[in-house]
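Two complexes come next, and they have one chain in common, chain A, joined by chain B in the first and chain C in the second.
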Partner chain A sequence: MSSYVVRRVLSMLLLLLLLSLVVFILFSILPTDPARLTCGKSCTPEIIEANRHRLGLDLPVFQQYWEFLKGLFVGRTYAANSPDPINCSAPCLGYSFRRGEEVLILIKDGLPTTIWLALGAFVFWMVAGISLGVYAAIRRGTWRDKTVMGVGLVGYSLPSFFIGLLAIFFIIIKWNLLPYPSWVPPQEDPVGFLQTMILPWIILAILYAAFYMRLTRNQMLEVLGEDYIRTARAKGLPERTVIGKHALRAGLTPIVTAAGLDLAGLLGGAIIIESLFSLPGIGSLAITSVNDADLPVIVGITLVTATFIIVANLIVDLLYAAIDPRVRLG
Partner chain B sequence: MSDSTRSFLDVRDLTVSFPTEGGLVHAVEGVSFSIERGETLAIVGESGSGKSVSAQAIMGLINRKAAQISGEVWVNGKDIVAMSDDDVRKMRGSEMAMIFQDPMSSLHPFYKIGAQLSEAVRVHQQVSKADAKAQAVDMLGRVGIPDPKSRADTYPHQLSGGMRQRVMIAMALINSPSLLIADEPTTALDVTVQAQILELIASLQQEFDTAVVLITHDLGIVADVADNVAVMYGGRLVERANVDDIFYRAQMPYTLGLLSSVPRLDQVTSDRLDPIPGNPPSPINLPPGCVFQPRCSYSHLVGGTTCEMKRPELLQINADHFVRCHLDEAERVRISTEVTHVLHGGGA
Partner chain C sequence: MAITESVAKAAPVAGRSLRQVVWSRVRHDKVAMTCLVILILLYLIAIFAPLICKVIGVDPYAFDGASISDSGGAPIGDWGGISRAHPLGVEWGTGRDILAQLLFGLRISLLIATSATIITVFLGTVIGIVSGYAGGRTDAVIGRSMDLILAFPFLLIILALSGVLTQRLSSLGVPEGNPSRILYMILVLSVFGWPYLARIVRGQVLSMREREYVEAAIAMGARTPRILFREILPNLWAPILVYATLTLPTYIATEAALSFLGIGVLPPDTSFGAMLANSVSYFSVVPSYLFIPGVVLVVLVVTFNLVGDAVRDALDPRSGRV
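Showing the complex of A and B:
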């Protein structure tokens, strides 16, 4: 078990290394010139060249990549020979000249918002998705099942920016049920936090809930046809134990897998929802960085997001083994 | 509510049909039989003959929303068909229990064996977890599982098929039910294990004075363990008798066909098995007359279109021998003698 974890962690590190290299190469062959973007209106070719040299963008791609990797472990200093060098201490994910800030700090600033958004939505969609999915499975073929699944399909089909705009228009602007969203950490203003987050949570959750409802229903229907469910009934167990314990436990495995990966993906930022509700999370950071061709930030976000997903993969596999005793890690 | 003349398990005119998009599926129609404690009744028939559905109907395991069930199923003086779902549920696992064909898939793969057994205890008995666990370990020992204490902490996939079926039997009998329904309990097992499992069921049956309904298509098993035999075909009971009458004096052409299609090692006269021609009827489109008529090689002896058009009644031949056939008695006896004489090498 522990040797399994060690092996998995090592392969994760290798994967991250490869991934960062790919991201690096991809951005280096883009037609946009990061050095051109570093200087403002009064730009001359000389300034651009000077900046290119200052940022190390005149080096070959692999050397740039090497500098980046070194920075991760020992930190790095930009423009070392200039009068005001920029120090980026380890682990240095890079430095955004556009924003004049270390990438790691930018990501750290955005992360709490994104984590709160993701976790809140996660709770909503898991509770709604699983309970409605189980309900639909038990009532299979009835009008209740069809209603639940139909509403789910609508939720799944509507784009979140559409639902989001509708919600903002009606709930916030027209009916004044909630104040305009403005991010505030929960420890500073819990009420304001909830008022801001409730709509993003629900809207983000609708999409996922619809998917999880379908997944849960299909899983439950499959499991309810298993021989061991008939055995559970033959033992005389009440139906709620048969469903809530025997069937749900067996049906949960693929749901846990999907949930872990979806949550990790969301921790990389929900671009549309964050932009719509002006939440200063990773998603907002990512979209502005892409617009600005702010390469170091994009590389940083890509790596952090990939790390979340890879770690979630490991956690999901461990959970899988904890749920299903037949699964052997190794 | 119970009258003293009623048998311990008394099934009367049981009919189960499932509405489907293709039409009403008549899985079981007008089946009646009874059995006392300590006795074994074997229900024999091909796949789709309605034997498993009958068994599940007795256990109250058929979803009444999905099926139409009529008739009476008296277990220990209580009519399962008339009772509420929850009352039947309380009888399941305590007064009546069931073991299934495939021990590989009948145990929950995620729970330890001991936990699955003690769960069965705690549904029906108000005992502590430790007590239930102790009962579980004790029962595992009684069904012949070596080192039951440590086996209780294993998962089903760590056991062989025979061991799993022992666990199923332990789970079924842990609350000392007086009725045990075994639905092809040995079909999925190795032949060597089959005999052990049947012996185990028989010895526990003696110990608990259990009524056993054994569903099987293996006539060898029937000859070994059954007191009475009910032969089913196309959802109907076509012949019912004690085990000797079935093997030596069966009168229904289908029963005789079943007996003739058993492979025998002690005969060299024919190099081929003698199977019944044709296939079992579709439960949606049953023939209007005798359900066995399309495959029956004797129906021409009846004359006219009686076999094709008219459902035969269940005729009583003697105290416990019933047969559903249009042939007249002399003809049936003649055929019976002919077939069984060949089968038993003149021993009948």
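Showing the complex of A and C:
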């Protein structure tokens, strides 16, 4: 078990290293010039050239990558020889000249919003998805099953930006049920927070719940045909225990896998929902950075998001053993 | 050879190929058949869109100054200026016909989603088979690259790279503008899509390469490509077909999302996502700008998903039990 964990963590670190290299090379083909963003209107080619040199942007890609890696562990100083050097302490994910801020701080600022969005939606979709999926499986073949699955299919097919626009049109503009969304942290204004978040939560949840419903239903149908379910029923266990403890638990493994990865993906920012509801999270940061050609921020977000997914992959695999006693890690 | 023939003659029930089994099951599924007919119609509409527009007398590119007000360019009439000349209304500011835009948008959506699905299936199948059959180092390298691709926040990467890569396609000889943008979408959807299928195929191949018929082929001296693509591939059609039918609708939705975020085709061409993105500025005044492309998009995706579901049920050997 412990040697398995060590092996997995090592291969995860290797993957992260590889990933950061690929991201670096991938984005080095972009013609955007971070040096151009370092000086304002009074820019001359000479100043840009000098800045590029000072900031190490004229180095070959691999050397820049090395500087970036070093910055992650020991921090780095941009423009060290100039009168006003920029200090970026470890772990340094880069520096956005566009915004005059460390990338890590920008991401940290956006993270609370994104985490609230992701967690809220996660709770909604897991509860709705699993309970409806179990319900459909128990009632399989009936009109109830068919209705639930039919609604699920439609939910699964709805593009998020379309439901988002519909919700804004009807609920906010037409019927005035909610005020225009404006982000406030929950500790400052709990009511405003809920009013802003409820629609994004529900919309994200609709998209994901439909998928989890189908997954749960399929898993349950598979497991309910197993011998040990018959045994459990024959022992006279109440149906609730049979379904909840024996069937659902055994069928939970792929659901946990999907849930872990989806949650991790959402923590990297929901670009469309965040920009539709003007939530200042990672997704909004990502889209503004793309529009501004703010390369360091794009690289930073890509790396952080990918790290979330890779770490989630590991956690999910380790969770298997805890959920399903039949799983042996090795 | 003689033995199999005599067995076939002796058998009381004629064997059915996979295609026959699937077709007979799908044919008895009324919902699936309806959806299949709708899909064929939609493809025909997309292919013959220019002709249809001519027959109806609408044009996606023609400005119509008479149908919009002189000040501000708002469409004249209710629901975005619905009239006999413009059955679904006209665009704000230009007076271009919405129905014609919808038909041409359908064309672009289906073109992108279908081509991307074909490339994805090709890449996923070939790489999956090779990875599963070769094993060892090849398998490990392919496996790690798939992990890498799956870990990328693909929406962000696609957005960030769109400008440069579209230009690069243009410099490689693809006509500038929308052809390059469309090709870019097809390529990125495929590049980020194949690992999912490759994983499925690889898993299947792992068990198949131990089967007797593969052993027999090796013993008869068949070369590896023949074993891969003539012996193993025919047994993989079920998962590949299911994956393809369920991937197409997700590509339609993703393409719409990308156009919505602004990297799709540019005016005067349009697509569902671009139409929805344009609707944002006007939909509190002209809601039909939002509803028309949105509803068509949802119907398109739902129809594809229903067909995909039916194909999956028909191919699943356990579907009879459930």
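By definition in this document, the second predicted complex is superposed on the first by the 314 of 330 C-alpha atoms of A that agree within 3 Å, B and C clash if a C-alpha of one lies under 4 Å from a C-alpha of the other, contacts with A are read in each partner's own complex, and residues count from 1 in each chain.
Please note the rule applied: a residue touches a chain if its C-beta (ideal position, glycine included) is under 8 Å from a C-beta of that chain, and two chains touch if they have at least 3 such contacts.
Keep in mind it's a predicted model, so treat the numbers as computed, not measured.
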item: Partner chain(s) touched by A:I298 [first = chain B, second = chain C, both, neither]; value: second
item: First, second, both or neither for A:L177, with chain B first and chain C second; value: neither
item: First, second, both or neither for A:L17, with chain B first and chain C second; value: neither
item: Which of chain B and chain C A:G265 touches, first, second, both or neither; value: second
item: Partner chain(s) touched by A:F169 [first = chain B, second = chain C, both, neither]; value: second
item: First (chain B), second (chain C), both or neither touched by A:H246; value: first
item: First (chain B), second (chain C), both or neither touched by A:L237; value: first
item: Chain A residues touched - chain C or chain B, whichever exceeds; value: C
item: Partner chain(s) touched by A:D227 [first = chain B, second = chain C, both, neither]; value: first
item: Residues of chain A at both interfaces, chain B in one complex, chain C in the other; value: none
item: Contact footprint of chain C on chain A as seen in their complex; value: 15, 18-19, 22, 26-27, 29-31, 140, 153-154, 156-162, 165-166, 169, 173, 221, 225, 265, 268-269, 271-272, 286-287, 290, 298, 301-302, 305-306, 309-310, 313
item: Touch list for chain A against partner chain B, complex; value: 226-228, 230-239, 246, 249-250, 323-326
item: Chain C - residues contacting chain A, complex; value: 144, 147-148, 150-153, 155-157, 159-161, 164, 249, 253, 256-257, 260-261, 273, 276, 279-280, 283-284, 287, 290, 294, 297-298, 301-302, 305-306, 309, 321-322
item: Touching residues on chain B, where the partner in the complex is chain A; value: 59, 61, 86, 89-94, 97-98, 100, 102, 105-110, 119-120, 123-124, 155, 157, 168, 171-172
